[in-house]
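Following are the structures in question.
Shared chain: chain A. Partners: chain B in the first complex, chain C in the second.
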Partner chain A sequence: MNATLTILEAAVVMLGLVILLLDLWMPAAQRRNLGYAAAAVVGIIFAGSFLIDASQAQYAFGQMYVMDSLALFFKRFFLLAAMAVLVMSVEFADRIPTGISEYYALILFALSGMMFAASANDFILVFVALELITITFYILTSFQRSRLPSLEAGVKYLILGALSSAFMVYGIALVFGAAKTTNFNELAGAIRTIVGQPVYLLGLLLVLVGLGFKIAAFPFQIWAPDVYQGSPAPTTAFLAVGSKAAGIVLLLRVLFSAVPEVTANWTKLLMIVSGVTILYGNLCAIPQRNLKRLLGYSSIAHAGYMLLGVTAMSIAGSSAILYYLGGYLFTVLAAFTVICVVMREVEGDDISGVAGLYQRSPLLAVAMTLAMVSLAGIPPLAGFFGKFLLLKAVIEKGAVQPMYYWLIGAALVGVVISFYYYLGVVRAIFWSKAAESQTVIPLSRPVRFSLYACIAGMLYLGIFPNTLVNAAIQASKALRL
Partner chain B sequence: MSTLTYILGWPLLAGILVVFIPQNYRFAIRLIALAATGVSMLLALKLFAQFQTGVAGYQFVQKAAWVEALGISYHVGVDGLNIGLIVMGAIVAFAAACVSWEITERQKEFYVLLLVMTGGILGAFASLDLFFFFFFHELALIPTFIMIGVWGKGEEKNYATFQITLYLTVGALIALVGLIALYLQAGANTFDIAELTQRLTANPLSVNHQYFIFPLLLFGFGILVSLWPFHSWAPLGYGVAPTATAMLHAGVLKKFGLYGLIRVALPLLPEGAQGWLHVIAYLCLGNILYCGLVAMRQKDLNLLIGNSSVAHMGFIFLGLVSLNLIGLTGAVVVMVAHGLLAALTFGLSGYLRQQMNTLDMEQMSGLLRRFPFAGAALIMAMMAGCGLPGFANFVGEVMVFFAAWNDFPLVTILAVWGAAIIGGVYMFRAIRKVLHGPFPEWVGAHAVDASGFWRRLPFALLLAVLLLLGFVPRLLTDKIKPSAENIVRLATRTGGSQLEAVKTVQDR
Partner chain C sequence: MQVGLQHYLVVSALLFCLGLLGVIARRNLLIIYMSLELMLNAANLAFVAVSRFNGNLDGQVMVFFIITVAAAEVAVGLALIVALYRKRQTAYVEDLTTMKL
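Entry: the complex of A and B
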């Protein structure tokens, strides 16, 4: 047994427990600052992850848990995301009347679930990790107990999340029934005879439904706008970055490590899902006035872009997804940090809330602008290079299967549409008549730092993509592609 | 480091610098913009002087790996095809910075965007790597949209912004797909144009792939150059754009599509190009005749200039389809000449709009009485626009007509008609209507002619270069010739018989 492999997860869980305990002895006024401490420790764990060598795949718990370059890539990703989300939560603390420490702890528990998901090599661990993420998110989404939209978001997420979990566990049962194993290595190895069995395929389809729900791909996207809109901003950010990335890594593992033969037959299905997701997300985002809801639809569209890389079925495709997620991390976190700070006074998170932001706080305005520009995919920001890699991966396949060209067409239409609403936000920031309050927005030092880090990340990845591209290619080699 | 890196780097650096200057320091901001574009221009002129004429290869090359896994490198260099464009771009950028005194609101943001746009434009023409070629173009394109959307003038501003953004984004993305497809099909794992050229000369792509990729590049780039019938964004967009933006986009950035076709599509996809030449030949008539006729009916001076600028793109396309040395050289000369001309006319019309508060030709007359300098410059620009000898445009257009005669006699006859008659009609009518006659009484005393060194400098500079190249076209053509020969050789290589034909043409 090689349980020491899970040291990163163990550290995160311990941190969560320590925070819960500290809450008992700390005066209420100081609890808020626990978030900074937690973020710092997560940062230390992130730094510690560079001591781990994962060039060879190592297994623990009877091959249920794998530690390879892909797992490590995503663990670092989740740790970074959680750091920024924790800093954001401190900013949000005054809007949560009770129990901010529990909020921090739940974020950490969700983080550990995501990190387990990154290492899942068995359907059982997939399910456990997903439940750990989803159940903590039920609470996180409805954490503002006195706010009706927050409760509504929680209930919606609970009902649809439970439904998708049910689909998933049913699917896993069917797969186990047909293949007599839930382990990815065994599934990929010895069972070519069952590939055509309807029960087995139905089971996998149901698993995909569960994962489609996680990443908010069409037609399982229906929850995303409402939940994004209603949840507290840090929760939404973590949902948009962490939960989505967890869904993506599981999708990659299931499709390319567990059942590559089946995936090869499902290319067209995935292409349709990807294309429709892109168009749906972008078209629905056009009329939105609520900033969080707009980002909800935009996150659906981005799930579609990432699925482009899945449909490519190649190292180029999956490494493009990893790069894209890397850029997406900084971009979305910057956007939500700004929303979290700015929307303090504005009820309803309307776009007009950022009007004249440039006069109130140039840093926030610049961060939000860069985030929008990066999401739209404009150079020299990270989003542009990510889209470039994804398109390249798909075009590469176009020579084999012409249907890819339709997919490219859909993606391009989506990109053009997205310009409209992303630049609409930029326009509001710089050029629309400002709202009544023209006061300068105070920024705490950690938020400032977090914003600078996000801006630097977006620009660095856009201008010097070499490092991340190489890391992404290395990580994708862990898949059976 | 190559001089080219400095030429495109100074504006970008200055753009970043301006971001950190407080808004109130307007004079400092303007000074930095002028200095950066000025230095860029001087360096470009130095480059032009040091350029070794008669050598076919790339000069002033700098190459640094950027993303090794994908074969992307920062690679800049000049040869005969882009040296003229870079010098022209740098001059226009300086002129555009000069005329930007008309911007009174949010100057800081305007100059940041202007400098980024300048750096992007110069980078796009200097890049010898397909990725950076596209990257820099996008870097220049987005500021264009924002500048039109924010500082644009006139009631149709929002519609025009929407239209130009939509058209140009679609065009750029189609071209991007074409470029990626080209990269992947070449299978050399490099975006480097020089390496791709070598590779594809040795192992050309299959004809099917070429037929498929070429139209992507043709229509993608074509939309960017306002190839008929994808031109409708251009007149309106330029009509509402702030002066500097119109000068830079109509003058320089628009040539990116043509440059891309000549630099990438023709030599790398010869058979695809030959299959599509006839289509382009007839589409370019759409530019020359249709847009010329539309220009005749315009009541707004800016729309007239915009339509005439679209019409001029037709001549460049015509030079391109002739696919011989004279034609390609002519096309490049027209690109440079039209860049200067478009910048000059849009600069002048912007100045007049600033003074008169309108460009409605019904309301204007006798401008020469109040604006002797600007009016005279406008007359010269319009004469250059209808191809008067002595201006660089004449040189390029004549070369294009000579070259196209062999393969497309009918198209050439119609194109000459479009240049000489239609162009003459709308230009002369505009001159009579706007510049001659009595000066209208409703104009207050605030409308004054361009006076003083800085107000006159941009126009004088552009006119001077236009005249210089008109009288001494060898300055350009000698530099273009070896590179154009190279492109023609690559673009016409297919079967043996055609190769022979080319040889005889070249021997002649």
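Entry: the complex of A and C
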């Protein structure tokens, strides 16, 4: 029993509670600045995470919680994401009539759920961590109570989220019924006697349904566009980065730590899901005019790209996913920070809102352009190298199973389609005539800093990928691959 | 007749399917939400039955977690549905059409 391992999570939860308490004594006008304080403390916790040594896997709570290199990698990822999201939500504060401190606190509680998810080594912790994330997000999506789209997004997320967790819980019950344990280490050890039981396989399939919902993979993606469109911009950003990454880390843990031998038989299923998800996301994004909805579909496509790495079933594949997520973090946060700032006056988040952005604010225009180019996967940005690593991992497997080549074909078609709509946004920024307003957009110093950090991240990871690739390989060694 | 583990699991599977049917077929948000709770309780029944017949308490612990989480989910969910009703004066899913392509 080693509860001190959870020190990072404990710090985040404490921070959330302190924010709620400070809110009681603070004059209303100053409450929005609590977000900056929270972001700063999250930054300190992020720095503190480098003091932790996780080269050996350490366990807590009866092997339910594991602290290894993979867990630490994702904890840092989530902390970085939360920092940018907190800065973004201070910018958003004037559009939330009451309770901005609760908004910050909920972001922190969701963050702690994600960090627990990164360390899950037991289906019980998987369930509890996922629900902590999901229930907090029900509130975060519907936080603009006076706007109907926000409420609608919340209700849709609520119904479909609850449905997916019901599937997942029932799946866990079936797995527990067949294997008599919910612990990943014991499941991996006991596998040979139970691997053929239909109840066990059905249970695992239902668990995958729940995780597929979290990462918005086909056919569990229907919620994503509506929820992305209706939610407040910082929530959407956190949903796109944090919630998706939490789903990915759980998927990796379940598939490769708990049941590696079952996963090996499911390669074809995963390949089909991955290919269809890529094509669906990219094709549906083409006609979109709403930026957040467009990014919703694009996030479906990106879930498909990440599943490419899962289908490769190798260290190369899973480390490519981790690298890809690292690039995706900076890219998506840059895009949503820009959306959050620009769409202040415009109702509806239409692409025309960014028309002529270059004249209004060159920094925002450059950040958005780089984000779109990186999402499309054009060198030398992070998105390109991530896709390159993923495809490389899949091609290495092509020799044994020709179906991998079809998958690569689908992925390449998806990338080509995606150029069209990503570059459509870039065209609106630079070459659109119909700019509604020509006023210069004021930028606060933290937002400026956050944008510079995202741009630096995208460029640095694209040009010098070695640091992150090595960290990703180290982290994936924690899996039983 | 001896009531065994299979019987419990069959009942739990039936409950789960009934809940799923309710979610798919009914149009009222509150009924859908009730059906979702039914699905969670199907899982609870399966957990308890497996635990009881194997002399393993892990499943019963999991049930406590599920009940707690379900309570939190209901609190948030009902609040959301009430907020939606105040704004839109409806609790039917076909009226949730603000965001369409």
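Throughout what follows, the second predicted complex is superposed on the first by the 480 of 481 C-alpha atoms of A that agree within 3 Å, B and C clash if a C-alpha of one lies under 4 Å from a C-alpha of the other, contacts with A are read in each partner's own complex, and residues count from 1 in each chain.
Criterion: a residue touches a chain if its C-beta (ideal position, glycine included) is under 8 Å from a C-beta of that chain, and two chains touch if they have at least 3 such contacts.
Because the structure is predicted, anything quoted here is derived from the model rather than measured.
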Partner chain(s) touched by A:431 [first = chain B, second = chain C, both, neither]: first
Chain A residues touched by each partner, larger count belonging to chain B or chain C: C
Which of chain B and chain C A:181 touches, first, second, both or neither: second
Chain B versus chain C as contact partner of A:10, first or second or both or neither: neither
First (chain B), second (chain C), both or neither touched by A:272: neither
First (chain B), second (chain C), both or neither touched by A:412: first
Chain B versus chain C as contact partner of A:392, first or second or both or neither: first
First (chain B), second (chain C), both or neither touched by A:380: first
A:229 touches, of chain B and chain C: first, second, both or neither? second
Chain B versus chain C as contact partner of A:127, first or second or both or neither: second
Residue numbers on chain C that touch chain A, as the complex places them: 9, 12, 16, 19, 23, 29, 32-33, 36, 39-40, 42-43, 46-47, 50, 54, 56, 58-59, 61-62, 65-66, 69, 72-73, 76-77, 80-81, 83-84, 87-88, 93, 96, 98-99, 101
Chain B-facing residues of chain A, complex: 373, 378-380, 384, 388-389, 391-392, 395-396, 398-399, 408, 412, 415-416, 419-420, 423, 426-427, 430-431, 464-466, 469-470, 473
Partner chain C, residues of chain A touching it in the complex: 124, 127-128, 131, 135, 138-139, 142, 145-146, 148-149, 151-156, 158-159, 162-163, 165-167, 169-170, 172-174, 176-177, 180-182, 225-226, 229-230, 287-288, 293
Chain A-facing residues of chain B, complex: 66-70, 109, 131, 135, 138-139, 142, 145-146, 149-150, 162, 165-166, 169-170, 173-174, 176-177, 180-181, 183-185, 209
